[in-house]
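Both complexes below contain subunit A, partnered by subunit B and then by subunit C.
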Partner chain A sequence: MGLVNQIKYLTLYKIIGTAVISRQTRKSLRHYRLPRGWREDILAPPLRIGAYTQQMIAKHYLEGRYVNGVKPVAWVTSGAPIEILKALGYYILYPENHGALCGARKVAQEISEEAERDGYSIDICSYARTDIGTALSGKTPVGKLPKPDLLLCCTNICQTVLYWYRVLADYYEVPLIVIDTPFVYEEANDHDIKYVKRQLESSIEVSEGIAGRSLNFKRLKEVVRASKDAADLWLQCLKANRRKPAPISVFDQFIHMAPIVEKRGDPETVDFYARMLAEINRRVENGVGAVKHERKRVLWDNLPIWYRIRFLSESLAEHGVAVVASTYTNAWGELAPLMDVERPVESMAKTYTYPILNRGTGHKLRTMESMIKAYSLNGAILHSDRSCKPYSIGQMDQRLKLLNERGIPALLLEADHNDPRAFAGEQAVSRLKAFVEMMEA
Partner chain B sequence: MPPIKIPSRKEVIQREKSSGKDVAAIYPIHYPRELFRAFDVHPVEVWGPPGVDTKMGSAHLQSYICSVVQSGLSFYLEGGLKEVKLILVPHCCDSLQGLGSIFKDFVKPGQEVLTLYIPRGITEESVRFLSDEIEKLYKSLARVTGRAPARERLMEEILLEEETDALVKDFYAGRKKTPLSSREFYAIIRAREYLPPRDYARLLQIAPRQSPESGPPGRVGIIVSGLLPEPMEILDVIDEAGGFVVADDLACCMRRVYGKGAAENPFKRMAERIVQGPPDSTKGGSVDEISVSLTGLTEATGARGVIFYNVKFCEPEDFYRPMLKKRLQNKGIKTLTLEADINQPLSQQAITRVRAFIEMLKGEA
Partner chain C sequence: MKVLKSLGIDAGSTTLKIVGLDEERQIVFSIVEEPDPKIEEQVDALLREIGTRYDTASAKVVATGYGSNLLRADEKITEISCHARGIYEYFKTGGTAVDIGGQDNKVMLISENGKVIDFMMNDKCASGTGRFLENTAWRLKIPIEKMADLALKSDGEVPISSTCAVFAESEVISQLSRGHKLAHVIKGLHRAMVKRIGGMIYAIGIRPPLMLSGGVAKNRMVVQMIEEETGETVLLPEDPQIIGAYGAAVLGL
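Right after this comes the complex of A and B.
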């Protein structure tokens, strides 16, 4: 069985699959065409790096099809400290990213309904419903997901992931490592960081046991270095939007953030973002804006509405509104300075305790305020995401503070990151129009 | 049998204050009662309360936040916590996390707002962390009250709580023989949310234990699982339909009847009690751990059905429930899921479903 898996992996993924995907990438770069129906009148063409984004995602999921029995497989939460697993040679799958992909391909509802039919409430996170739906039915737009040998759940993005991974652990009957990160209301206490560090240290033995090899600390440092470098480059890509017009929109960022989430720690991800930064810089030099005729610049708070990215992008661009910064995409870069290659485990404990989602509502407001200033923004759209309570709680106060104390028009847009049933398109359009009028008043 | 007189929250708060004690408002779920008592701070829990007009809270919280948190914030905003010196918001879920954060960052009450992170999972690490976290809470209480109880005082209060827990366990164990209706029984159980331990122990002692009609014939044993039995009308409906709540798996009741700690260090001992206490979805235990506990409870009490009485938008409960239902059904235990909002009366549809559920169980007897 092991040998059969190895041969399949080598031939169908490594040799044939990779060659086909690379050929497609070269072809799409040579014969560059705008996506069907692209609104050239209001939007700049998509970044050419998109061909590589697609290539990375396609290769990642193709490898997943054949990886069981070849590499150890871990399913992890999006904010999990993956560097140890990466250094041990794990193939890493992010169910949240898979959920987002299902949302963007508009199949999340159908898959979620599989979970709902099994008794899961429509009130639980739509990523979780999508993931559980895939586990129960096998439905996925990527062909097939690899079965996990290990689950790694870090509570630094929400508590929801813990319950969700308990369900997965029970379903797949595999070990679950929980890295519990105490919530930071103001500043983290020493005992918080020590607690996270001790859990990281304990996780090494379990991860080694499943991988069947020992952790090489030199290799861990290399992975941490690659994570840090990629996060730093990602942040530079985002910061390019401080220029006017903004070279990329937040909707572009949502699409191109996939590698920083699911390929963190790989050298190819560092190369990818270096290439993306170069393309963005060329746009800056040539004065190309993501939104043609950029008149107003706004902030996006919270997760994307995956199934309406293009709709929202066009609806806003029609009014000359560029969404140029996001607390969400920023989260994947802002902690890069905390990572210390020479003290990997200690610095991981701190880095992974401090994501914006693990910090208080006041900290998020301050982050929004500083981004509004740094990116010269005229307004803020706060996506009130029914599937993400920890990100959404506090938005009503944050909106009022922005509006009343900073004079920043702010819109609370009700939706759900993956479930289209919670999105009222017409109502959203009229609210966006009113928001634009408010900015222009 | 004359009804047992249980003093109201208001009466208890007034009495405690006039005896020179401070009062703390405590939001759900887990916290060390004994720590507050050692500081002469009387803890009074805020589980909602039900029946609050949530308009004021809804200016801060979206409609998809559970009614326990909505009511809890509204209750403060309408002046319900004027009498308290401090507020504690334990971190037991994303919504309570948000409540604590909104209190600290935006609402900014006149009183001190303290938080307590409850670690997830039962490990040595969790105990060690919670011990540190409780020690931090000790320092905050010392700052707020100007008192610094010694180790002996802490141990005295810990032992008193352990004793009270043992009494509560005993009271539960005798449930089948008590002549109390389900509502009367749970009024006594829940009085612990605001009574001092000695008063509570007295209440348990005077509560009737034995009845010639104990274990009423023809009545079906039911377990209620969820956060809290609000609106409490659910208990009347169960009784009227021919059921009998023999035990519960409720966060505000049985899930907080902790065992004895072993450590000599008072902070560690308080941490052990909470971490090693009964399984609770918010503590993030494994599905096995929770289902073994629940199925064990049905076996021990002879319950024939479990009613999952779920507060809408409570994610921790929502995730575990489908698996728990399957495990129970595999053991021949029937289940019913009801959704509740603690501020709304029980719907006619819910009442009909409870009646039909108990009829079905009776029919199978």
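Right after this comes the complex of A and C.
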């Protein structure tokens, strides 16, 4: 069985699959064509790097199809400290990223309904429903997901993941590592960081046991270095938007953030973002803006509305509104300076305790205020995400504070990141348009 | 033949409103009709008829509302901007404007010079809108215009806890089957609706004066309860239902 898997992995993924995908990338780069129906009148062409984004995602999921029995497989939450697993040679799958992909391909609802039919409430996070729906039905737009040998759940993004991963542990009958990160109101206490560090240290033994090898600290440092470098480059890509016009939009960021989430710790991800930054810098040099005729610049708070990215991008660009900065995409870059290659475990403990979702609402407000200043923004769109309560809580007050204390118009847009049933298109467009009129008045 | 300078069309979810203005910004006529499924044909027919009565050659047409997508107009502007402008033009003051429509409630903060500073709308739920009362009126076979009279004459009130326009209907039936008086239940229904609107007004932060528009503002019980709920005296236009179309017409001048 092991040998059969090895041969399949080698031939179908390593040799044939990789060659086919690379050929497609080269072809799409040589014969660059705009996506069908692209609104050239209001939007700059998509970034060329998109061909590589697609390549990385395609390779990642293709590897996943043949990886069981070849590499240990871990399913992890989006903010999980994956560097130890990476250093142990795990193939890492992010159910949230897979959920986002299902959302963007407009199949999340159908897959969620599989979970709902099994009794999971529609009030549960739509990522969790999409993931459990895939587990139960096998439905996925990527062909097949590998079965996990280990689950890693970090509570730094929400508490839902705890229950979600317990369901997965029960379903797949595999060990579950929980990294519990204390909530940070202002600054984390030393004992908080020590507590997380101790959990990371004690997770090593379980992870080693399943991988069948010992952790090499030199390798761990290399992985942390790659994570830090990629996150740093990602942050530079985002910061390029301080220029006017903004070279990329937040909608572009939503698409090109896939590698920093699911391929963090890989050297190729560092190369990818270096290449992306170079392309963005060329846009800056040539004065190219993501939105043609950029007149207003706004912030996006919370997760994307995956199934309506292009629709929202066009609806806003039509009015010369560029969505320039986002607390969400920023979250994968802002912690880069906390990573310390020389003290990998301790710095991971700190880095993974500090995500925006594990901090108070005051911190998020301050983050938004500083982004509004740094990126010269005229307004803010706060996506009130039915599925993501930790991200959405506080938005009513944050909205009023931005308006009353900073004079920044802010719109609360009710939707859901993955469930189109919670999105009212007509209402959304009418509010966005009214918001634009208000900014321009 | 009187010359029209501007025509405002508010193609709402429940009613279609058209207002014509002359060069002195005066309302020459207003029309309120139920919308046909083919609203563009209905509007074309109405405009043709208006053209036989007035000189519309130089009139600018501004459309607003959910049905405005298919309409031929010189400009399309959102309901927020139109209602805010309509109410500002009518009362000549900034403050808090509340529009209670068929399926939409809007709360707008208007600056002293007529600009929209902030707004809030009900997003995915028709709770607290005209539909909330309409559903129950229809279920109880009471003409919608009689609902306010029944509530105003009521000597008691039964609380309706549901904020859902659909579930409120079954709650009303349930309360009636327990022997509560119809008028008491109807008054409770008005209260539930106004509480919901009050919640939106408070969420945005009230700035007096409080001004109402929209078809539901014709309901005297709603107006009285909004005053009780907020402690503010409400300014009410003569015909609150046409304020959106009026604002659209003003923006066309």
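Observations, loosely collected:
Everything below uses one rule, namely that the second predicted complex is superposed on the first by the 441 of 441 C-alpha atoms of A that agree within 3 Å, B and C clash if a C-alpha of one lies under 4 Å from a C-alpha of the other, contacts with A are read in each partner's own complex, and residues count from 1 in each chain.
Here, a contact is a pair of C-beta atoms (placed from the backbone, for glycine too) under 8 Å apart; a residue touches a chain by one contact, two chains touch by 3 or more.
What you are looking at is a predicted structure, and each value in this text was computed from that prediction instead of being measured.
In the superposed model, A:160 makes contact with subunit B only, not with subunit C. Legend: residue contacts after superposition of the two complexes on their common chain; A:198 is shown touching subunit B, with no touch to subunit C. By the touch criterion defined above, A:409 reaches subunit C but does not reach subunit B.
In the superposition on chain A, A:6 makes contact with neither subunit B nor subunit C.
Subunit A has more of its residues touched by B than by the other of subunit B and subunit C. Once the two complexes are overlaid on the shared chain, A:437 sits against subunit C while remaining clear of subunit B. Contact with subunit C, but none with subunit B, is seen for A:424 once the two complexes are overlaid on the shared chain.
In the superposition on chain A, A:396 contacts both subunit B and subunit C.
Common to the subunit B and subunit C interfaces on subunit A are residues 396, 414.
Of all the residues in subunit B, the ones that touch subunit A in their complex are 59-62, 64-65, 91, 93-95, 97-102, 104-106, 115, 117, 119-121, 125-126, 128-129, 132-133, 136, 281-282, 284-288, 312-313, 315-316, 318-323, 325. Listing the residues of subunit A that touch subunit C in their complex gives 396, 400, 403-404, 409, 412-414, 422, 424, 426-427, 430-431, 433-434, 437-438, 441. Partner subunit A is touched in their complex by these residues of subunit C: 66, 77-81, 115-121, 123-124, 203-205. The part of subunit A that touches subunit B in the complex is made up of residues 118-121, 123-125, 128, 155, 158-160, 162-164, 166-167, 169-170, 176, 178, 180, 182-183, 185-186, 189, 191-192, 195, 198-199, 202, 360-362, 365, 384, 386, 389-390, 392-397, 401, 414.
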